[in-house]
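Here's the structure we're looking at; comments come further down.
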Amino acid sequence: MIGRMFPQIRKLGVLLLLAGLSAMAEPVRVLVAYHSQTGNTKQMAEALAAGAASVEDVSATTKSIETVSKQDLEEADAIALGSPVYMGDAAAEVRAAMVRWSVEFGFWDSRGLENKVGAVFATGAMPSNGKELTMMSLATGLLQFGVVLVSPYGSLGASATTYKPDPGVDEAESKIARDLGRRLAEVAGRMKRGAE
Amino acid sequence: MIGRMFPQIRKLGVLLLLAGLSAMAEPVRVLVAYHSQTGNTKQMAEALAAGAASVEDVSATTKSIETVSKQDLEEADAIALGSPVYMGDAAAEVRAAMVRWSVEFGFWDSRGLENKVGAVFATGAMPSNGKELTMMSLATGLLQFGVVLVSPYGSLGASATTYKPDPGVDEAESKIARDLGRRLAEVAGRMKRGAE
Amino acid sequence: MIGRMFPQIRKLGVLLLLAGLSAMAEPVRVLVAYHSQTGNTKQMAEALAAGAASVEDVSATTKSIETVSKQDLEEADAIALGSPVYMGDAAAEVRAAMVRWSVEFGFWDSRGLENKVGAVFATGAMPSNGKELTMMSLATGLLQFGVVLVSPYGSLGASATTYKPDPGVDEAESKIARDLGRRLAEVAGRMKRGAE
Amino acid sequence: MIGRMFPQIRKLGVLLLLAGLSAMAEPVRVLVAYHSQTGNTKQMAEALAAGAASVEDVSATTKSIETVSKQDLEEADAIALGSPVYMGDAAAEVRAAMVRWSVEFGFWDSRGLENKVGAVFATGAMPSNGKELTMMSLATGLLQFGVVLVSPYGSLGASATTYKPDPGVDEAESKIARDLGRRLAEVAGRMKRGAE
């Protein structure tokens, strides 16, 4: 059977070789877009980027969502999206960005974000005060753009409870963000290598 | 037993009489706050207000959420909140209003919206494209302020699918909004009469 | 104006007096229905019932959801519903109960739960692992039956994180459940007194 | 630069060639697991499987979730999960399956479903009556197992409104399911080819 398929296999081998070369030449790019007022969500964003950058041939950038450009999104292989919880759900700034990406940047019509890999994260003052709803909101936004979603094992995204019982982002919460960053980068690499 | 409790009953009767007088003097006020770009959510808001106003001793007002004042909210016995779906969830304008009501109007600290009665509604272009998530977002916002939530029988809020399969708000969708308005007004009346 | 309305007021006063008598004769009944495997959700149920029972003229009962009868539900003025998180959402046992209440007990068709007052609670091993989604599931179930929903100030329901960072239900989590129980009983009393 | 990396490239080429051969030898397997009482969810499952099977080198199977075995799940590269809406959320049978997969089949501890590709679908009698919440429940279940999630463009999953305004699964709803099946198979193929 291998003999019969020989010419095809050879062609495939060449294609895969070229894909391999191209994959080695271009790193996987991870964009971590967030809104942050007090710095907690920024801290989670940085932990996530550090986790992503720990993977070989991956570059990771954090950007306040207000400054994310069309080009930033086009160049990204993976997009992590983070928001604090305000009154139980995502920040207006993040909701506004979804519309900007869709309409102003034209990604809804161009389908330019399709098959990028995504992940979400959130911070909130109290336990169960809207971090899950916020992450559902962010995840839904990404999925509607055709993004493929990855999550931490056992939850929808990386989250931190930043006021009670303990203030700020603690080490366990940072670790979940770092691990999610690594996983996001790995799956993005896999999707990139697997592209035909 | 009635005899033994006589003085208390008499006192209660007087209190309830006064409560009844006060309830007859002041109508139940329903505020329908919405964001609308194409007019569909406004149309649902008006249907909801019409349903509320059809209840005796109820006055209902619709207001674009950008123009809702602190006083509007203070005077309302019931608040309906509506949003179109943008990229799978509530409009940024509505999310921003939740923060304005909380921080700028001070309702978070004053608990000034507690025990008002609330309901939610949403419009979206396509079936199952985020109307439920939008209504969860709006409902969560109201509940976090201590609002008591009512819904149409069998769903979380009143919703309309405004592009496919049929464009705009149809009669069945309007009816659900009207019925929700009536129910909202009735429960608000009941909460008002039952206040000690 | 009061003079002009005199006969009506008198009639109203009598009605309210009778309502008051009836309210004094019959306590507000709170049913706390839960599923529990390890005992954590049961503990939250008991805290909620204790909070409810601390309100004057309120009786509260906890029942494993498997044993809740049609009569239990009919007699309740308020229903609290609780579940542990299993794989990110409510227990199958609770989902099955919603269908039993609807079809076997006939509450969907009879609308027999309409205008009762409800609240929800959940326990889960880890932060943000599905407690919010579980509470949305429970809240949606109650709302679809026409139940009027109350929540703790600032969240959708009472919840406890029972494994990490600290095991079991702690005092802060119990307190939220007790407070929710009290609020549930108070709003149920108000709805009962306000019934025409 | 290419010269300098020559031995590595050659090794990579060989690896990719082998990966290519292996990919050609083993089809991508898509498992569509569903619960269905009236046949509507089964119909959506079959549309999804047909879409998946239309992709080259893809085999697709539909199975009632009660009969899905550990081996079915192990062998699948992609898992679609579907449920009807009962009282606003997923069927108890599907919730029970999540626990069975986790505990009885041991997939929680073995992480045996990690990096498989998943998608969700739902049917419900009325518009906005819980199909989105059902899909969030199913999506959350899959994501907690480490599944990578894909969705139809513009929504969280494929859904059908099966009673009002029009009964059963219509052609537009079937098409969304077919398209989702195709997309699921394509992304699963890409993840498989891209595995190192």
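Observations on the model:
We just call them A, B, C and D in the order they show up, numbering each chain from 1.
Here is the rule we use: a residue touches a chain if its C-beta (ideal position, glycine included) is under 8 Å from a C-beta of that chain, and two chains touch if they have at least 3 such contacts.
Remember, predicted model here, so these are calculated numbers, not experimental data.
Two chain pairs are in question, A-C and C-D; the one with more C-beta pairs in contact is C-D.
When the CA atoms of chain A are superposed on chain B, the rotation angle comes to 180 degrees (nearest 5). Work out the mean CA point of chain C and of chain D, and you get 37 Å between them.
Inter-chain centre distance (chain A to chain D, centres taken as mean C-alpha positions): 21 Å.
If you average the Cα atoms of chain A and of chain C, the two centres end up 39 Å apart.
Counting partner chains per residue, chain D shows two or more touched chains at residues 88, 129-130, 133, 136, 140, 143-144, 154-156. Against chain D, in their complex, chain B makes its touches with residues 88, 122, 126-133, 135-136, 154-157, 159, 161, 164-165, 172. Only residues 86-93, 95-96, 98-99, 101-102, 108, 129-130, 133, 136-137, 140-141, 143-145 of chain B touch chain A when the two sit together in their complex.
Of all residues in chain B, those touching chain C in their complex are 2, 5, 8-9, 12-13, 16-17, 19-21, 24, 111, 114-115, 117, 136, 140, 143-144, 146, 148-151, 153-156, 187, 189-196.
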